[in-house]
Every structure is written in C-alpha cells, then in structure tokens.
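Next come the structures, one after another.
Shared between the two complexes below is subunit A, which has subunit B as its partner in the first and subunit C in the second.
And now, the complex of A and B:
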C-alpha cells in the first residue's frame, strides 16, 4: 500500500504531513523521501545513515585527447558552450555539459567517449521513529529526475513489508519527478497551502492527478490567515469533487515543534485538535483501503 | 490487434508504464507473447513518451496497463494506440484473455 503526499507548491507542508503520518503509523510504515532537490525527511525524522549506494544519472561525456584531431566540430555542435579549446586541446566543462550527446553525434573520429557520471547518493537510514527512511542527495548542479525518484521508490518498496504503508514524500511541481512519485500509488494526499500561489499550484496538480485516475484526498494547510483563501481552497476541492480530510490552522507552535525534531503529532497547542482529526481521517481512509484491498485479494 | 503490457518480472503486469523493465508484446492471435526490453526504463526524463514511441514503432495497437502517465497517454493517443486498464500484479495471460473477451 502506497500513499503519496504532494502539493504543487513547495513549502505547503508535504514533509510535515508525511512525517506526522509516519509517526502515526509507525512501526508499520516506510518513508521514501522523493523530494530529492530539497530532501528534508531526514531532518524531520532524525535519521542516521545505515546504507549508502552511488547514484548515476546517465552518461557523462569527455574527449579522448589521443583520438581528437582538433577539428572543433564538437565545440560548434555544443549549444551550451561546454566545449572549449584550452592551451593545447579541446575539453568538455562538466559543469556546463547538459549531456545531450550532440558532440558524440558530430565527432568524425569517435573521440568523444562516455563514462558513468556520478550524480549523487542513495541512502537507507534508521530514524527516531524506528522506521526506515530512503532518501538521496545530489551533487550540487545535478538535477533530480523521474529516474532518481523511481530508484528511491524501488529501494523503499523492497523493504516495505506486507501490510505496511509506504509513504512517498513527493517533490513540488507537476513534472516528471512528480509523475514518478504518484504513479502506482493507492492514495494521493494533496496538501494545499491556503494562499494564492498555493491554491494555483494545487489546481495544476489536481488536473494532473485527475488524468492519472488516483484516489485523492485534500489537506488544507495554514488556514486562518485569510478567510478568503480558506474559502477558495475549500471551493476548489468541492469543484474537483475531492474530499477534504482536514484543515490545519497556521500556528507558529507547529513550526517550533519541527525545529525541536518532533512531528505535528506531538502538537500541544490550539492546532492540536485539528491536526489530530485530520490525521485520524487519513488513517481511517488508509485502513478502509487496506481492508478493501485485502478482501479483493481474497476473492482472486 | 497487437497488444503491449508493461512488466517488471516477465510474468505479471507491472505497476508503471514508462519505466517498466520490459514489455510483453502479443500479436493477438493467441495468448502467447514475447518480451522486449524497455531501453528507456532508466532514462532521466521522458520515459513515458519514449516508451510510447517505442511501442508505436513496434506496431502496437493497444496498451494494457494499470495506469499511463499524462504525457505518455497523449503520445499514445497521437499514435492511435488505445489504452485499456488492467490491474497490476495480474498474470499477463489472464490480462490478455480478459481483454480479448471484452473486445
């Protein structure tokens, strides 16, 4: 069983919500932090790395000086101006190379060679909650991709036991890494920040999820700051026909809580009741889905 | 009708389309199929559209998958390939048999 938490906008509360759900379900869950560009699941869950493996994004390119005849066609072909003639020979500046392969295609003497380019590292960690966390770190300048998200998820799926829940903390946006985070999920939780940009970005995510035919619930976060925005968020959920699992009021206490390494579950403030009821709703939905799934498997 | 199904283990329907390890291709005359490697399973971006183009080149008419990403669905539609929904984890033969009785 997989539940993905996504939001469209960054900072809408994906990690906070994922971490609180993780604490609620622990020890029967695994946390996959697929927001690799800004992975903060490790901070939220207090992680210590247990295993690490290298992550290679795709081929890198370099020029074999022995074969290069210095014609310069590669430099001409490169739209990113990554190939320059230095003191004696042509070379590719790795930080400028977008790895499109135009140089490889153009070189008449086969002097462009590829190599496995290290882009980051994948980790399996132990957490304060006693559940495993799968996360990754990219080398600065490398970008995240559907491939990396898939790798993190695959690693997490391998250790998620029968009957346990895999929580996928998704990246913001609606692009390739988000699609890879949502595909195959049983439930998508859309965190909407009750603000103009939060609502606009969630709207785009809702359109995406509709094409993927996922089961979806909405959590509205940071309510109470502007009644108009709260109403617009609720309205959008209503129009999309998506149930609202709960609303979490903006409370500085929730942030302080995270700064001390706790999840929202330990909240002891005005937001406490709302947080608890939202999380209970999510747990209820997961439980019902799990039972329905079990009944289906019994029949087949 | 030529069918294609995403699979990771070669025996059951996989969860994902564009990043499936391979595709089971069936020419529709019976329930037998051949497996072809999905060269795009490890691409950084565009795995779904890449897989759609790959299957279009193979002359596939219909994709059987639990779900197809939005961009891949668009690419399949423009190639005139229909999409039928089947459950992940189902045996490939069972999924094929089901779709043949449906059409």
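And now, the complex of A and C:
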C-alpha cells in the first residue's frame, strides 16, 4: 500500500503532513522522502543514517582541450546551446548539457570525453518514530532527479512489509520527479495551500493525477487567511469530484515543529484538533482501501 | 554593464513556499517605478507570478514551445537498431528489428536521426509548453508554462529565457523554480545576481545550503533575504555566517502580510516594506554590475 503526498506549489505542507501520517501509522509504515532536491524528511523525523549508497547519474561530457582542433562541429550538433566558444576554446556548460552525446558522436577528432560523476547519495535511516526512512541528497546542480526518485522508491518498496504503508513525500511541481513519485501509488494526497498560487498550482497537479488515474483525497492547508481562497479550494475539490479529508488552519504554532522534535500530530495548540481529525480521516481511507485490497487478493 | 543586454536578477530558494514569487513580484514592481522591467516566470511547472498583476493585459496570445522528436518512416527502416543504441534517454526501443519511439521521454537531441544509416527517421515538432507575455505600465511579465504531463520543463525554461532576451528592457527579474536540480539550474544560468529567499525554519536552512552551493558552482554573486522573519526560531543568520553568505534583507512576518500573500495581493501600501524592496534591488544591481565589470 503506497500513499504519496504532493502539492504542486512548494511550501504547502507536504513534509509536515507526511511526517504526521507517519507518526499516526507507526510502526506499520515506511517513509520515502522523494523530494531529493530539498530533502527535509530526515529533519522532520530525526534520522540517524544506517546505510549509504552512492548514486551515479550516468556520464558527464567535457572537451579535451589538447585534442580539440576548434572546428565547432560539436557546437553545431548541440541543440541545447550548451557548447560555447569562449575567449580561446570551446567548452561545455554543464548546467545546460542534457547529456545526449550528440557532440561526442559528431566530433571528428575524439576530443569529447565522458567522465563518471557522483550525482548524489541514497540513505536508509532509523528515525525517532522507530520506522525506516529512505532518503537521498542530490548534489546541487545535478541532473536526473527523476531517476534518483525511482531509486528511493524502489529501495523503500523492498523494505515495506506486507500490510505496511509506504508514505511517499513528493517534490513540488508537476515534472518528472513528481510523476516518478506518484506512479504506482494507491492513493495520492493533494495538499492545497489555500492561497491564489496554491490553488492554481494544485489545479495543474489534479489534471496530472487524473491522467495517471490514481485515487485522490485533498487536504486544504493554511485555511483562515482569506475566506475567498478557502471557498475556492473547496470548490475546486468539489468540481474535480475529489473528497476533502480535512482542513488545517494557518497557525504559526504549526510551522517548524522540527525544532522541538514533534510532528503535527502531537502539536500542543488549538489547530491540533483539526489536524488530528483530518489525519484520522486519511487513516480511515487507507484502512478501507487496504481491506478492499485484501479482500480482492483473497478472491484471486 | 553591457548596455546591449539588461542585468538579470534571479530569485530562487531551494525550499518551495519561502516567498520567491512574492519577492520577485515586489522587486519587479519596485523596479518598474524607475525603469522598464521584465519579470520572467521560469517556475514553468507552477507559474504564479502573473497572479500578482491582475491588471496586466496580454500582449498577443500564447506562443507554443516545441521540440523536434523523431518519427519512423516505416518502409525505410531496416531494423538495425542504431537509433536505439544511440539514444541515451531510453526513448527508442528496438526489439527483433521493430523500432518503437517513446515521444514522451525524447529530449529532441536529434542524435538518432544522424545515427540512422538508411534515413528512416524524420522529425516532427511537438508542443511541450508555451510562453505568454503580459504588460502593465512599465512592467512586462513573461510567463513560461509546461504542458501538464510533460517532463521536458527545461526545454520550456530555455525557450522562455530566449524569448525574454528579445524583449527590450533595462532589467530582467527571474522567478525561479524550487529545488536544486535541472529546472533550477537552467533558470539560474546566465543571471548576474542571485537572491535566495529563506524563512527561519530548519527545513528552509537545509535547502538554502544546497542553493548556495548551486550559486557558488555557477559563479553567481548571491545574497540571502530572510522572509517571514520572526515566524520561526531557526537561526538563518548563523547559518549564513558559517557559509560566508550575506543577508541582504529581512522581511518581517505579520499575519496581515500572510493574508495578502494568500490572495496574491501586492503589499505596496506598506511604505517601509517597499523601501526595503527598493534597497534590496539597488543592492542587487550594484553587486551585479560590480561582478560584470570585474575580469
């Protein structure tokens, strides 16, 4: 059973929601932090690393200045404008290179060379909740975060026992690492920030999830700042035919609970009741799905 | 500063939701009081900058961003499989002499076309997103937007950057995507100055560290803005000291400003806040210029 938490907009509460669900389901869950660009699951759950595994994304390309004759065919072959002629010689701008290899193929003198580059690291950690956390750090500027997301998920799936829930904390946006975080999930929780930007971005995510045919529930976060936005978020859920599991009010007490080593579930504030009831609703949906899945497996 | 090219200030953060778009929109508004300014929304998966300027009028319609992907000319393919082995994205499969192309993961590099010995691959353009221009007085907003379900956001970012260069302004402000991988790298590339927006939380500080490394690798001068100052207790100042990064501004947290932010309303009525934006802008411009004339 896999549940992914996504949002479209960043800062909508994905990690805080994921961590609170983990506390609610512990010890019968595993946490996969798939926001490999900005991984905060380890801070939220108080992790200590147990295993490390290097992540190589595939070769990078560079120009060997000694062999280069300056013909410029590589720059012509590159459709990503990553090869430029500087003051004296051609070079590849790593931040623009898509690593397609068109330059290497075209170079008549073998001046384009590949090199293996460490792109990040994958970790398996113990947490203060007693559940395993699979997370990763992408080296800033490295490509292929979608590929690293798949690795994190695969590793997490392997250690998620029968009957346990895998919680996938997804990155913001709707691009390749998000698609990799949502594929194959039984349930997607969309956290909508009740703001103009949050609603607009969630709308695009809802459209994406619809094409992926996943079961979805919505949590509206940071309500109470603007009643119009709260209403718009509810309307959007209604129009998309997606149930709302609950609403979480904007409360400064709920911000950075990582400082005190707590999750939203154990927060000591007025908003906590709303959080707890929203999360219990999510738990209910998960257990109903689990039972339905179990019944289906019994039949077959 | 080179007069043929406007200065480019990029606003990024690492963590999402720290206030990149808020800061970029206010910087653009402040700048537009004195000079012709372009705000470029490069958060193409979740573009929100335009939301702050409801009075902006579209200039023409949306222009699509296209890439060329290969198509098989059935009769000509001999099933040699060279296209498949040339593709580094795994977008072409050749099984038992039958070639299948996955146009959804193809990056459009064109390598397969040149690798094919029997001219069996043609190219067709497909849409991966679009750009749209809006204007209000001295401010122009250019928004890039990926098509939902398409993974080629970097192609949209690069094309948006190219189109931004064609717009004649004195200053360009880029609203960048969160994270530190390809979309953020592409959005920051070519900037003269990088503003990193952080909030006083442990999450934000962690991600700020990654964003600082990104700026350093790109050799871009950088300044940190602490947004929602007072909202959390995490010590951004200490972190910045340890990393040798300069804090160039602090924007105080208030419930009223959070409410305005929820509605994507500009906070221009607050003179002290706007004065801070203007001084941030002047600082960024002076640093950007200094770096440009330095050897």
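Simple rule for what comes next: the second predicted complex is superposed on the first by the 253 of 300 C-alpha atoms of A that agree within 3 Å, B and C clash if a C-alpha of one lies under 4 Å from a C-alpha of the other, contacts with A are read in each partner's own complex, and residues count from 1 in each chain.
FYI, contacts are C-beta pairs under 8 Å (C-beta built on N, C-alpha and C of every residue); 3 or more make two chains touch, one makes a residue touch a chain.
The structure presented is a predicted model; accordingly, all values stated were derived computationally and were not measured.
Overlap between subunit B and subunit C is detected when the two structures are superposed via subunit A. In the superposed pair of complexes, A:213 makes contact with subunit B only, with no contact to subunit C.
Annotation for subunit A, partner touching more residues between subunit B and subunit C: C. Contacts of A:184 after superposition: subunit B is touched, whereas subunit C is not reached. By the touch criterion stated above, A:193 is placed in contact with subunit C alone, subunit B being left untouched. Of the two partner chains placed by superposition, only subunit C is touched by A:228; subunit B is not. After overlaying the two complexes on the shared chain, residue contacts for A:145 are found with subunit B and with subunit C alike. Contact with neither subunit B nor subunit C is seen for A:86 once the two complexes are overlaid on the shared chain. Once chain A of one complex is fitted onto chain A of the other, the partner contacts of A:98 are limited to subunit C, with no touch recorded for subunit B. In the superposition on chain A, A:241 contacts neither subunit B nor subunit C. Looking at the shared chain after the overlay, A:255 reaches subunit C, while subunit B stays out of its contact range.
Within the three-chain superposition, the subunit C stretch that clashes with subunit B turns out to be 95-103, the only such case among 5-13, 59-67, 77-85 or 95-103. Residue overlap on subunit A between the subunit B contacts of one complex and the subunit C contacts of the other covers 58, 145-146, 176, 179, 208, 211.
Listing the residues of subunit B that touch subunit A in their complex gives 15-19, 42-48, 66-67, 69-71, 73, 88. Within the complex, the subunit A residues that touch subunit C are 8-12, 15, 35-40, 43-44, 58, 77, 79-81, 93, 95-96, 98-102, 105-106, 137-138, 140-146, 171-179, 193-197, 200-201, 204, 207-208, 211, 222, 225-226, 228-229, 250, 252, 255-256, 258-259. If you check the complex, the residues on subunit C that touch subunit A are 14-18, 21, 45-46, 48, 51, 86, 88-89, 107-111, 114-115, 146, 148-149, 151, 153-154, 158, 177-186, 188-189, 200-203, 206-207, 210-211, 213-214, 217-218, 231-234, 253, 255, 258-259, 261-264. By the touch rule above, subunit A contacts subunit B in their complex via residues 57-58, 145-148, 150, 176, 179-180, 183-184, 208, 211-213.
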